[in-house]
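The structure under discussion appears below in the form of structure tokens.
Naming follows writing order (A, B, C, D and E), and every chain is counted from residue 1.
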Amino acid sequence: MSHTGSEAKQPLLDVQGLRKYFPVKGPLGVLGGVKGYVKAVNDVSFQLYEGETLGIVGESGCGKSTMGRTILRLTEPTEGKALYDGGDIFQLSGKGLRAMRKDMQMVFQDPFSSLNPRKRIGQTLEEPLAIHAIGSRHERTERVMEIMHKVGLQLDHFYRYPHEFSGGQRQRIGLARALVVNPKIVICDEPVSALDVSIQSQIINLLQQLQDEFQLTYLFIAHDISVVRHISDRIGVMYLGHMVEQAPTESLFAQPLHPYTQALLSAVPIPNPQKRRERVILRGEIPSPLDLPAGCVFHTRCPFVQDVCKSMAPVKQEVAPNHFVSCHLYGTERE
Amino acid sequence: MNIYLAKRLFALIPVLFVVSLVIFLIIHITPGDPATVMLGESATAQDIEALREQLGLNLPLYQQYTEWLMKVFRGDLGESYFMKETVLQSILSHLSPTISLAILAQIVALAIAIPIGIKAAIRRGTATDQTIMGFSLLGMAVPSFLLALFLILLVGVKLQWLPVAGYKPLEMGLWTHLKYLILPSLSLGAIQAALITRMTRSSMLEVLNTNYIKTARAKGVKERGVIYKHALRIAFLPILTVIGQTFGGLITGAVVTESIFNIPGIGQLIINSVERRDYAVIQGVVLFVTTAYVVINLIVDVLYGMIDPRVRLERK
Amino acid sequence: MGALEINADKVELSQIKQTLKKEQRRLFYRRFLANKMMLTGSLIVILMSALAIFGPYLVSHDPYEMEPANRLQPPGPEHVLGTDNFGRDLLTRLIYGAQVSIGVGFSVTIVSSVIGMVIGLYASYYRVLDQILMRICDGLMAIPGILLAIALVAALGPRKENVIIALGIVFIPYVARIVRSAALVVREETYIEAMKAQGASATRIIWLHIAPNTLSPLVVQATFVFADAIITEAALSFLGAGVPTPDPSWGNILYDGKMVIFKAWWMTVFPGILIILTVMGLNFWGDGVRDLVDPHSNHPFKRRKK
Amino acid sequence: QNEGAKTETKTEAKPAADAKAGGELKVAYQAQPQTLDPHVTTSQASATIGRNVFETLVTVDSRYQIKPMLADSWEQSEDGKTITFRLRKGVRFHNGKELTADDVVASMNRWITTASAGKDHFKDARFEAKDAHTAVLHLQQPTATAMPVLAYLGGNYPAIMPKEIIETADPKGVKDYVGTGPFQFKEWKQDQYIHLAKHPDYAPREEAADGLAGKREALVDDLYFQFTPDASTQVAGLLSGEYDVAADVSYDNVERLETDSNIKIEVAPTGMLTLYFNKKKGLFTNAKARQAIGAGIDAESILIGAYTNEKYYKLNHSMMMYYQLGQWSSDAGKELYNQNNPEKAKQMLAEAGYKGDEIKIVTSRDYEDMYNGAVAFQQQLEKMGVKTKLEVYDWPTFTELRNDENKFDILVITNTPKPEPSSLAFMRKDFPGWTDSPELDKLLASFRGAANLEQAKAVYDELQKWFYEYVPVVKIGDGNSVSATQISVKNMTWLDGLIFWNVSNQK
Amino acid sequence: MQHQPLLEVKDLKVHFFTERGRITAVDGISFHVEKGEIVGVVGESGCGKSVTSQAILRLFDEQHTAQYEGEIRFKGKDMLALPTSAMEHIRGNEISMIFQDPLSSLNPVYTIGYQIAEAILLHQHVSKKEAYAKAVDLLRMTRIPAPEKRVNEYPHQLSGGMRQRAMIAMTLACQPSLLIADEPTTALDVTIQAQILDLILDLNATQEMGVIFITHDLGVVAEICDRVVVMYLGQIVEEADTETLFANPCHPYTKGLMKSIPQLDGDRSQKLHVIEGTVPTLHNIPVGCRFAPRCPYADDVCREHAPEVKAHDARHKVRCWHFEKIAMEEEDRYVSYGQ
């Protein structure tokens, strides 16, 4: 969990200017052309360093999952680069893509729906090995058992079906599936939000333990800020497809810069009745991702909105070391 | 809305093309042709050959097909080989019995099915429910032609309450018209009714389990209101789909019933035309029927949108 | 770590597997037996199949042997269910007819299920293919099934095999539709995405992951096809285009029965009862299967989402 | 042998005065014809319906004597090569126009060139108008069969229509049905009914009605032929009073009808059940094999299979129907008919070189008697040790397949009655089965070439002998069809089809 | 004089008939709500929170699915004994309910205006027009922008937050004296959640409305509730004032729950506290204490004998054999974030 001096290091994954637009079709379908675009991810850049956890927070629908899925090429990006291991992931195909997928795995939000209900757990876990043709049958079984043991599943679970497990156990299976091929990067897309509080902590501890053990790098997507804070070294805050702020965890909490981040942090309820915080209540409606407002996307709800916000999109800038924000409030003058 | 309709109708074109080609090929590889039928029982091979020549049935298949297709594009379905009318006239004259029958059968089905389906859903698990479901299973298992025979024997021949067969157009009076259609629509409608009863029940049960029904109850809506106002409207959606499909089926395929009750509808026209190898009519009718099928389902979709705003065709 | 440990567990594992399997089986039987519909349905279907398979060994008459002098005898000691319009023993013909009718139903189901499944699966996976295949299916569905069957039988010639092919073609689009719509849902499931994220090929995803999940709607649909095929064959025979004589099928016995309906009730009533019973049995069975595979009847209330 | 015809076809000519005129008659008829124009179709249905509208030059009475209709008289020249017809005067078409020789010439010349019957018997013959009311038929050679064929009112009959209608006809038939008959064409609702109405200006002949000849009078105002393809529907409709007449009741339903006191049953000859051999290809190119089949079959039991009850068939060895025996009788070959000797058949088949190959029997299901007869016949063939396969098709397929020598060995067909032996289908070279016998050619030449029918009859014995030697077909027997009417329907008779004039409905 | 709480639930049991037999989803619950009081109900998923709340309105089908036992007294009347018509009068009028999932709880085929107006028309004698006008007012009150436009929209046309607010507007239509809010904010973002909580607090203050607030977010509880009921597997395991509960959780489950939540100001280098094991299903409820299989304090007594609810003090009840011991423990945890 070293998150200092990362500038010196070469990033493991370098995402630059990622955009993902979903075309919205007109009433004539393919024939009628495209009516507009849902700009799910809009010019997002970040780096991921080996062994660290980058947390991504943001409200529902702001493009967190789409970002994760695009990096894994589960949907094709509209624009941008993702440099990994000397190559651009978005240019890969065939063999290269497969090899990349061995290194980069995903843990899904809903532990139940991400497991094939008709496959025994053993089969599900062996499948990635079969796909990448790793080991003999026998070896695969051994490998799977080893990993099951690691994530705290019993061996007799090998022959069970997903529905015979509790939510927490299912998420362990999802984790095991991601880890079975020895990946370098694991993208966790809200891995605990479907779980109960008492189970959630089990999984988070497990994630941290495995990270230590295998030197894993996590891209940890969630909307629960306290969870993200607990696990992440750095945090990126997303709003409507944009990465509005990005900073080391401590720095972000100590000094949230973007008005949205401020509102977000202040709105998180604290389980302490004696402690009331001044909440920043946001007014105004969330714009539809189909037609984003001009200028800063947050200006419709921003308590500090200025004229410039309505016409000009802010640029990402490093306000403090490693603390980036896109907001006119911190504008060093531009032309 | 209009664009949507246009799109749906546009999508009809490839379907019609496929259908016409399939049917064209099938009927042309079928032995026998219009000439054999037109000339009567003891015609000789030469006569048949000669007539074939005259009717253009000796041309290569692709040529016959393209010629036919060109004509259709010009809106001309051609002329029946067997009957002294154009294909369009044949279709129109055979259409009204079919439509009357379909509508009546559908009414019979709905009038029976929806109330008892709802009853079964409300009383689920009770003897009432089981009886209704038992009957509906039976209804689905009885082939309509068996039911038709039974009705003819019982109501027509034995009791002589209703005529056993035939068709009288509406111009001859509503009752005369209906009298001839009651038995056929019963035998057709029974299966529909069975199907719709089951649909109603299950879809009603599903809806009754939803949260918004709980919301309605929590608001204090009376039970009747909950069922008829809140539940039925949504429960009706899958039923509507079934109605669309079966009604389309009724228009196109009451073949057996029409044949038993001797109703000169589209089904009869198709069967007879196959028997007469009346190529022009078969192709024309199949085109028509396909269009009708698609249009009916389109209407159903529009209705669907009217009932359920979530699928409304255009948002703006 | 743990390699030794795991090896020690190996023996145990196969035991666990055994007991688990046993337990699964026991659970299945329990649910099966608790499922009265399924039980009744299975009973009827098994009975009918037994009739078709073993029946011919039990009867003493020849299904083709005619005795014109004995035509249309009512049920009696010599001919338990009476004789038909050629003086053939009706019971015998019904039993042999079971073979034909159920055979046709079964073959049609297999043909249409297999082809329909392939079409449905691939259509659901590839957009362009979907457009093409579904337009064809639309077309086939728009043509009244019975007409299509009649035309096909007329074109191919009146043979049992052709009746099967014709009915198979009629039912393919229905199966394809069901499989496709189930597959479209499955395709969007996260576990399919998970498979893609693992780098699985399309073939692998389609056959190992999507296909098994479309099986239960497919099985339910297949029972309907089975039932429908029996009825449609009967209707075809009823219109004179079904399984050709002198081979008996329930449908063509009915067809002959219709001709003599005013004289020999037994020729309509008995095959009619058999058809109704079989179709009902199959319907029961289909409903039962649906209950059996329905995850909601397993957990009677919905899972909590998100 | 003549009683058959007498008893079955009731020809008592009831004075029309007895009958209450008016009302309507609804006839349930199984098949809808393509056209009522008999020049272009051989369909029996077309004839039965159409001959109420169209009339012919001459016709026959119940004893098959040729009688005048539109022609008052006719005479044949010495050399037998011309026949001169004098037309009745004052006959009007339904369109009001008076019948003239021009109409006759136009109609008859079209018939001669398009109808099979015309082409067969009147090769290169021409009609000519001599004056307004005289038409002359010029024949290439004397034709004994000319008059019987012209007088025949079954399928393909020589109907007389107005010239201008003939001129606008196309291969599918005339565009309008205008005739001179007692009923005029009103409406044809496809697949529902044909509506004929009394022709008010019809001028009947003076002679008493007899068979198809004599006085014709429309006693009902409206005559409906309702098409009811389904046999049980016909019966049910009759029982429930929906129809007045069911033209062709299926045999097994008769019993039920007989129990109903409101219903009368009529039996009339329909045709002969016949086995046609493929003489171009296969086993039955050998006459021995054909004879073997003749020797082996039990006609009676096939007939029972086909017609269900002895009331509805007649064993008859003659080529002609039983009701025609008055004119055409011969005992030749009687001993070879209905031998019922499977052993002999087996032996003969062996001699003919039968090796156990599959014999393909083809028939159509559209006709109950053909189909049922074929099923019964197949059973008997099996008994003769022949391996068989029965193929049953719908009529159009059947008519196509039967023209292909590779598609069958034996056809089971009901032959429609013909006015004279040389019209029988199995005598034709081009009809399926393809009879090709030099002996027959000779016989036919002398039969048809005879100056008149009386002389031709002398050849009949030899023809019949040839029939049993060459065995172009095996005749199984004559069949009847059953029609049923409400008792209110009076004076329904039959001759080559039901006759609807002079019929009243006393409802 | 006897004090009569707004709502008093006494030994409520709810049984369901399922394929695998009868299950008891709520097993002997007793609690009360005073006028103008916000009572929080917390517990893991599936512990019976929603069932309890819906049982209060008798929303389960008593013929087929469910069976109630015990007493639910609302303003003194036992609602379980009331005829359906009387219940229909209470529902929506005196007791209103916000359901867990706003999308599935609004009828998709009617406009929200219609649905709100319906609630008004059912219980008040006003014209349709007035009802609609009132619906607009209510929507405005819940701070939906452009309410005149929104009344005519269908649920699917609204965002999650707006739907939830529409739902709230509907429940407030008749100014109920008791509001049951079943996880009204789970589906929402924290920023929107904050708005909703504000609204409920506001109404509670202005209209003296009693509120049962169901959630499993302890943070929310801490922010708005006066009193808290903690449930585990169909039973109440602890009940106390919010302050007391957070200051001194006595039941091991409550304790564990609080500890396992990552704190916004907690020490990130520490591992999170974990409650081992999983919640048993209703089909195999452990004998003895239901929490015993997961409880670090459990001993043989716990595993064999089910504990009763005991009063720790006047405002603090616990269902545990060892609560006294646990309460005595040095409370390191609370201190650590009390700061």
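Basically, a residue touches a chain if its C-beta (ideal position, glycine included) is under 8 Å from a C-beta of that chain, and two chains touch if they have at least 3 such contacts.
The chain list, named the UniProt way, goes like this: A = Peptide ABC transporter ATP-binding protein; B, C = ABC transporter permease; E = ABC transporter ATP-binding protein.
Just so you know, these numbers come straight off a predicted model, no measurement behind them.
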Q. What is the graph distance from chain B to chain D, where chains are linked when they touch?
A. 1
Q) Which pair, C-D or B-C, has more C-beta contacts? A) B-C
Q) Which chain is most remote from chain A in terms of Cα centres? A) D
Q. How far is the middle of chain A from the middle of chain D, if each middle is the mean of its Cα atoms, in Å?
A. 89
Q) Which integer distance in Å separates the CA centroid of chain A from that of chain C? A) 47
Q) Any idea how many Å lie between the Cα centroids of chain A and chain E? A) 32
Q: Give me the residues of chain D that touch two or more other chains.
A: 232, 366, 393-394, 397
Q | Contacts with two or more other chains, residues of chain E listed in rising order | A | 45
Q | Touching two or more other chains - residue numbers and ranges from chain C | A | 154, 258, 261, 306
Q | chain B - residues contacting chain C, complex | A | 11, 14-16, 18-19, 22-23, 26-27, 29-32, 137-138, 140-143, 145-146, 149, 153, 248-249, 252-253, 255-256, 259, 267, 270-271, 274, 282, 286, 289-290, 293-294
Q: Name, in rising order, each residue of chain E that touches chain B in their complex.
A: 54, 57, 59, 64, 84, 88-93, 96-97, 99-101, 104-109, 118-119, 122-123, 154, 156-157, 167, 170
Q: Provide the residue numbers of chain B that touch chain E in the complex, in ascending order.
A: 124-125, 210-212, 214-223, 230, 233-234, 307-310, 315
Q: Would you pull the chain C residues touching chain A in the complex into a rising list?
A: 1-3, 5-6, 9, 12-13, 16-17, 20-21, 189-191, 193-201, 204, 209, 212-213, 295, 298-299, 303, 305-306
Q | Contact set on chain E toward chain A in their complex | A | 44-45, 145, 159-161, 189-195, 197-198, 216-223, 242-243, 246, 256-258, 260-266, 268, 271-276, 278-279, 337-338
